[in-house]
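Just below is one structure, and these are the notes that go with it.
Chain lettering (A, B and C) follows the sequence in which the chains are written, and residue indices restart at 1 in each chain.
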Amino acid sequence: MSQPERNGTAATPLMQGIEALLFVADAPLSDEELATLWERAYGTRPSREEITGAIEALNRVYEETGRVFRIHRWGGGYRLATVAFVSPLLQYYKQQETKLSQTLLETLAIIAYRQPITKPEIDHIRGVNSDYALRRLQELELIEVKGRSDTIGRPLLYGTTPRFLEHFGLNSLDDLPELPELQQLLESPEIQHEHLRLLYSLDSEQNEASE
Amino acid sequence: MSQPERNGTAATPLMQGIEALLFVADAPLSDEELATLWERAYGTRPSREEITGAIEALNRVYEETGRVFRIHRWGGGYRLATVAFVSPLLQYYKQQETKLSQTLLETLAIIAYRQPITKPEIDHIRGVNSDYALRRLQELELIEVKGRSDTIGRPLLYGTTPRFLEHFGLNSLDDLPELPELQQLLESPEIQHEHLRLLYSLDSEQNEASE
Amino acid sequence: MYRVRLPVFEGPLDLLLYFIRRDELDIYDIPVARIADEFLAYVRLMEELDLDGVGDFLYLAAVLLHIKAQMLLPRPPAPSDDEMEPVDPRQELVERLLNYLRYKEAAGRLEAQAEARQQLYTRGVAAGVGDEGGEQGPPPLAPVSLFELLDALRRVLERRAEPPAHTVRREIYSVEAQMHYVEAQLQDGRARPFGVLVSGRSRGFVIATFLAVLELARQGRVWIRLLDGREDFLVEACEATTLEEADVAA
């Protein structure tokens, strides 16, 4: 059984494991979750007291050595967050503007004109997998999930947000400029066929395979 | 002028500021960016040497106090990342980025070593059409269009992105592993074998034994 | 009857390298006549199956046949003393293969580099004091015009207008679904001829199933054994893989 080796004087393996998990996590982790993750990796389950103790010890070391983050207990879980005195500096970082990449712009344009639209349809139009772009656009609050399609598999439907309108200076989606080429493409038999295929292919495959 | 107050014995305000910025950043920050952000918040601009010194000091403290992260220099900037020995624990919590397929790796290798390079040149080296691979690599923001070639047809020129460097843990293109020399490839049976194993992911023993 | 694991080739150069390795050929002395015939047989199979990317293979097949023809021609009269040795018609191809090998090797090294890097985890979404409860707003965006948005869309459309050179073949049957089908058929551990797996099925079904078998073979989940006469081949599950396990692996 290999546990994180003792490294330096101040940190026990449990402290190091918790620190690592909280470092990479993007939401609070509960005692329960921390204990389970540790158990899965190393086979022993730390008690609630051990976990609380390790977290207190970590915060003490952070304080003593001048680290700029602490472990907080928020919403029933633990979360690493920066201390207040660095926020003036961080504010300037957060004010840096994110530039939309080509990939994001393309995906956003398709969603804007074709909403509500499913991921398989976007993938088909762009010819590549759009996982990453969809995630980023959601983070930027330019698109959101509008519901689920009624078709088989009930894929998510994406559409644009009010922030999208605001950012492009539009009053409503009706203000989007018309794009005849796009209309043509969307009405082409190939796309229509693909649309149908995405909706019904699963069905026919299942039928065929189970014959 | 309010700077982060000195807190504990080991950390200077600059160390604390850099730590805070790297803690919240989701991409590497260059010396330049760090200096500019600091200047905006506190009015003085730290020199490159001061920044390098602060980062070295932070890594030293992390090491001495058993912290499980270090500051790396990737893609021309600094980034906080966990040390390798905690990865067995983290892999249960966090999915790392998906591995690149052989096709993408090959195309990426050609672009990395030959940039800027056009699609026809890539196609010729690989012997296949690289449309899909190029689109996928752009989608992953590992490559980008760097301009157009002056040759007939003015084909697009591709090169790698800073994200490419970060993905492979490189500071600059100079850190790329050396492109193997032909002689070396041909003369070393070990490399041949290793290479062929990568090529086909065939278990050669199995293959031979089964004949 | 002998057993082979059939790799799925990325491209024609990989197929050529496969022949060289399989027969332990000297790369500087490739028996082009024999290899060309075998290469062509493979290309015909691809055509038969309507596999995508066959054009890339056809081009190299033509190159091989050209070299074969050149090598069959009687040698020109002995060169006068001041001339160089006649150039081996295979030289260019060999150089190309070796160059390709270099990048293959480089790709392997890059992969190792990426693996080491993947051991080091960067942060998730960072939190600051005061983030408790309340959602953090999205980061500010650099200004971007509607024109740029339209431009992006036009680029997608232009791309679509290009002839589909190497697109994935679209069929009603997906390779993924057929992989499940094949594994379900082989669940009892018995080998089945490919012909039986697809008998009476449509062309689309046969092609998707064939691709599924190739993919399963590549992943080491099935064995393929050629039957004598090579008119059919047996497919057999590698080990007792349950469908659940297959799902996890997928």
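Following the convention adopted for this analysis, a contact is a pair of C-beta atoms (placed from the backbone, for glycine too) under 8 Å apart; a residue touches a chain by one contact, two chains touch by 3 or more.
Because the structure is a prediction, the values reported are computed rather than measured.
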Quiz prompt | Co-neighbours of chain C and chain B - touch as defined | solution = A
Quiz item: Quick one: most central chain, C-alpha centroids?
Solution: B
Quiz prompt | Taking each chain's C-alpha mean as its centre, the one farthest from chain B | solution = C
Quiz prompt | Interchain centroid distance [CA atoms averaged], chain B/chain C, Å | solution = 26
Quiz item: Approximately how many whole Å separate the CA-defined centres of chain A and chain C?
Solution: 32
Exercise. Provide the C-alpha centroid distance between chain A and chain B, rounded to the nearest whole angstrom.
Key: 21
Quiz item: Could you say which residues in chain C touch two or more other chains, in rising order?
Solution: 121-126, 128, 159, 167
Practice problem: Any chance you could list the residues of chain B touching two or more other chains? | Solution: 23-25, 82, 86, 90, 94, 132, 135
Quiz prompt | Parts of chain A lying in touch with chain C, wherever the complex brings them together | solution = 20, 23-27, 72, 74-75, 79-84, 87, 90, 94-100, 102, 105-106, 108-110, 112-113, 125-127, 139-142, 163, 167-170, 176-177, 179, 181-182, 185, 194, 197, 201-202, 204-206, 208-209
Quiz item: What residues on chain C touch chain A, complex-wise?
Solution: 121-133, 137-146, 148-157, 159-160, 167, 170, 172-174, 177-178, 180-181, 184, 201, 205
Exercise. Within their complex, state which residues of chain A touch chain B.
Key: 2, 4-11, 15-17, 19-21, 23-25, 37-38, 40-42, 61, 63-69, 82, 85-86, 88-94, 101-103, 127-130, 132-133
Quiz item: Which bits of chain C are touching chain B when the two form their complex?
Solution: 2-5, 7, 10-14, 17-18, 21, 27, 53, 55-56, 60, 96, 98-111, 113-114, 116-126, 128, 159, 165-168, 218, 220
